[in-house]
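Each chain carries a letter (A, B and C) given by its place in the written order, and its residues are counted from 1.
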Amino acid sequence: MKKLLALLCALCLLVPAFALAEEDTIVFGGTEPTYLEPNAPAIGGPEIHAVEQINEGLVRMSSDGVTVEPLLATDWTISEDGLTYTFNLVPGVVFSDGTPVKGEDWEWSLYRARDTETSEYRFIAEPIDTVEATDSQVVITLKAPNGAFLAELCSFNMVLGCKAYAESMTEEEYIMNPMGTGAYMLKEWNHGNYVLLEKNPNYRNADQVKTQYIKFQTVEDDNTRLMQLQSGQIDIMGDIPASLMDVVRNSEGLTLETFESTQIRYLLLNTTIEPFSDINVRKALVKGINRDEIAEVVYGEFGGATASVLSAAHTKYINTDLEVVPYDPEGAKADLEAAGYPDGIEFTLYASPNEVYQQIAIMLQSQLAPAGFKVNIVTEDGGTIYEHAQNLELEACMFQWSDDYYDPSEVLGWICDYDQSSAWFTGLNDVELDELQAAALIEQDDEKRVEMYKELQQRVYDNYNVIPLFHNSFAYAYNNSVQGLAVDTFSNYYCENIFKAE
Amino acid sequence: MRRLNYILKRLLQMLPVLLVVTIMTFLMIHLIPGDPARIMAGEKARPDAVEAMRVKLGLNKPLWEQYGIYLKNLLTLDLGTSMKFSRPVVEMIRERLPVTVALTLFSTFLGLLFALPLGYLAGIQKDRMADHAIRISTLIAIAMPSFWVGLLLMILFSVNHRWLPAGGWDNTNLFTEFKCLILPAFTQSLMTAAILIRDMRNSVVDIIRQDYVDFAKSKGLSAGAVRRRHIIRNSMVSTVTLLSMRMAALLGGSVIIETVFALPGIGKLTYDAISARDYTVVQSVVFLFALLVLVVTLLTDILYSFLDPRVEF
Amino acid sequence: MKRYHPADETRARKHRLPAWAVTPTFILGVVIVVIALILAIFPAQIAPYDPTEVVITARTKAPSPEHLFGTDNYGRDIFSRVVWGTRIDLSIGFFGVLIPLIVGSIIGLLAAWYGGWLDSLLMRISEIMMAFPFTILVIAIITILGTGTINLFIALWLVGWMSYARLVRAEVLTLKNSEFIEAARVAGFSNARILLRHVLPNVISSSIVFAASDMVMCMLTGASMSFLGLGVQPPTPEWGAILNEGRTYITYASWMTFFPGLVLAITGVGLSLLGDSLTDILRRKGR
């Protein structure tokens, strides 16, 4: 018994010692990454947040979310025909193990982004035809002109890795053990628990990096995460759900930062089966939806109704002529009657167990009832819904989109290019739309390109198959002692300047 | 010798059961809608990437061949590679099993700590105030949903008074790990304690009625000696049985508690693997669970025969 | 020290109401279950509001005389939702147990009576089913079938029948060779008659006792599935689902989680108290 007590006392004494060592560590609380390499399959927020600290690309999006700024390239030129991009490199860059960056590393990295068969974001590198690089210059030739390419180069998967290092191990090992030129390097990955990054001593601006360790602590549950933030176990919590934003804001000692994200929730109507094969029914349905109210219930002041399928982050591309259809249940009912459904329509709406979709579903059900639509909500596991939706088996379902880079071609390609997603699981094969989308992608003239994307938005709006419901802010919160964290519209976290104030 | 034969026979009988378990697990996981190749490739992946994924995961092979690989993995104790994490399943289980085992042992220990004195008290004091109070408390403990209790405890001890961590797993040292286990173990122990108390009470009540207790008393043994020698020891028999069954249930049913307290244990792993359609992980973990349950049942039966010599084979 | 004495029972039998019927625990159990039944039968008369009506202006209101249990994030009255939920949760408990009780008992009865391959088959199946962890099995079945009340029932039925089959089987095996069954056989009664008139009434009591506690477990399992998002379809007011919806708001609107959980616990206690008293009755009757 005495021994046990002594042991416990000893353990208690150990605790302050460990706490001291934690001073120079900033802890993020979030979901555990699956891999730490951007060309691995199924990459999401948790992976990207860590990868962005380790690997760097030629260019990156500046924190305003609109302009492209140099990173490992000092400057660049684009040929007249829009096919050849020439980047001059920052001299003397080395990987975190001290190996100097060579031209072959660039060639290997960019081809890897394009050719890794199972990579989820391989399509971003698809326009690349050839890459020729020396130790001071990278020349990329495209298959066809592409107005979005520079923005695409800012994406997290167009980053530099070390060829010799990667080839010294198996693919499985490499996607767990990345190495790059970024401010941090992977120190330890305790699976199921945390990913620990350490300051890269060979980083070219190493003297500016203030924090020694960044720890991505795995805390799966939102409520638990918040409680850990409040109790000081973690310093930063990203992706705060709407329902908790107010709580965080009113919590003492915590700072809530919100920013307009590119995330939009969409209602998708299957145009290949009854009842939504009839455009008049779709039109009537839209009149029966009160998007403001849904945004209000789900996101409060952090969300708002949206008319265009494009998020506000795409500034100049937004078609501002589009208006949110006002809520008019009587009008909807009349339209429905005119369309040949005097007794109204009953349909099934599929929702994943995620609370946001559950809330939207309940709001839609309640709003559409007076408009003559009886909505049956069916909750299914996300994977199940995706499969059925993809096979065009569902009457109506909901999905979200958030962009990966500053260009409207990503989401509009997804919606308009029938081959990509059957018009986002709605089965509407609009050939003109498809052609316009293809033409917009290769258009060189910026003004014309903007006009084309505006028209695309108008056409999608008029098809009533993909209905944007609302956009919302993203929020992250931190302990007041944390300073210097920068996050942009596309949820990229910049940690070089982060530190904990005393 | 008879005992040894019995054990061997039981072990042999386990084989066909385990074989059917593998078939059922395999069929069940394949019956769940949702294409793993699509889920592993990611939402935005284009069809060609999904197809490449399907080939990589071996999902393009005929079903019987996939089943063969599963069996081969089990027999070679290799368990294969997780579809989602590209990591050896054995490694993933090794990382997470200690958490679940620690939680199970800790909560069982707490449960026993509550149950032994209270159950004994309730039995001795049958139909008096103490008995009623204890019985009603156990009923309440059984009827409360564990996730609800967990959330309330978290609010009380972690949010209102920051005494204990609000879930999560801090493996800095043994002490922090212990702190992370207190609330979940306590939550889980309520149900264990309640079940054990009820059983203990009934055994004590039954045994007090038995002739041999009267006989022992008539032999002139003091009340304390009667309790020690006969009542407690005999009521332990069924308690041990129940306890081992409960431990098997705890190991398997840790999904909820591990979700509430965000503990990286084996239950959470299984649930996540089902949602992610990670076939290899689900198949291996469910098989392990089944094996564990069968072994625990067998051990209980053997233990039972030691504690109660009347049991025959 | 008052000790148990056989005379206690004789004394009790002389009263009109037996002793067990007037224990405070029994009365408490009856009161709780009767209240729950009233709520389940007349929710429309008792609930002050429509349980699914969304009222944007009344969102997350704390408990007040107007809204006894407060309102949720859609402005729905939680008290009304809990009242309507009684019907669903009680039926999950009741039907989740009823079918396994009937089917499982019949299977156990037949298996033990006829023995042979039927018995071995039953024992093998139940061994296999027991080897699967219960929660994970339920989760897997629901994921295969899809969520919803009916599928929840099916999952509960598929895993539930076995305990009853095993219980009844064990009882029948001990009874099979007893004197009065022998007597019935000698008298030339048909198998069906012996099974229904002589065996069943004697073996069913342990199943019924088990069913009482199983009802609570079924309700808890249903609530747990809703907690994981695999339970009833929204906006069905089921207690576990209400609780789960409130989970996100627990730090500032704890009433959304607190009340449904409390009502679930109280109902469970009531059912268990009744079950306990039932055990006592059957035990005394059996003696």
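By definition in this document, a residue touches a chain if its C-beta (ideal position, glycine included) is under 8 Å from a C-beta of that chain, and two chains touch if they have at least 3 such contacts.
Worth saying up front: this structure is predicted, and the values here are computed from it rather than measured.
Novice: When B-C is set beside A-C, which has more C-beta pairs in contact?
Specialist: Of the two interfaces, B-C and A-C, more C-beta pairs touch across B-C.
Novice: Which chain is most central here if centres come from C-alpha coordinates alone?
Specialist: If we average C-alpha coordinates per chain, B lands closest to the whole-structure average.
Novice: List the centre-to-centre spacing of chain A and chain B in whole Å, with centres computed as mean CA coordinates.
Specialist: 38
Novice: When the C-alpha atoms of chain B and chain C are each averaged to a single point, how far apart are the two points in Å?
Specialist: Chain centroid spacing, chain B to chain C, equals 22 Å.
Novice: Would you kindly tell me how far, in whole Å, the mean C-alpha position of chain C lies from that of chain A?
Specialist: Comparing mean C-alpha positions, chain C is 45 Å from chain A.
Novice: Residues of chain C that touch two or more other chains: which are they?
Specialist: 143, 146, 228, 247, 250-251
Novice: Which chain B residues touch at least two other chains?
Specialist: Expected reply: 32-33, 151, 159, 259, 275.
Novice: In chain A, what residues contact two or more other chains?
Specialist: 223, 227, 381, 384
Novice: Applying the document's contact rule, which stretches of chain A touch chain B when the two form their complex?
Specialist: 8, 11-12, 14-15, 18, 29, 34-35, 40-44, 117-123, 172, 175-176, 190-193, 217-221, 223-225, 227-228, 230-233, 381-384, 386-388, 390, 414, 420
Novice: Using the touch definition from the top, list the residues of chain B that touch chain C in their complex.
Specialist: Listed in rising order, the residues of chain B that touch chain C are 16-18, 20-21, 24, 28-29, 31-33, 126-127, 132, 135-136, 139-140, 142-148, 151-152, 155, 159, 205, 208-209, 249, 251-253, 255-256, 259, 267, 270-271, 274-275, 286, 289-291, 293-294, 297.
Novice: Given the complex with chain A, which residues does chain B contribute to the contact?
Specialist: On the chain B side, the touching residues are 32-35, 38-46, 48-49, 52-53, 56, 81, 84-87, 91-92, 95-96, 151, 154, 158-159, 162, 165-176, 259-262, 264, 268, 275-277.
Novice: Quick one: in the complex, what on chain C touches chain A?
Specialist: Within the complex, chain C contacts chain A at residues 52-54, 56, 59, 73-74, 143, 146-148, 228-230, 233-235, 245, 247-252.
Novice: In their complex, what parts of chain A are in touch with chain C?
Specialist: Residues in contact with chain C: 222-223, 226-227, 241, 243-244, 246-247, 293, 296-297, 351, 353-355, 358-359, 361-363, 365-366, 376-381, 384.
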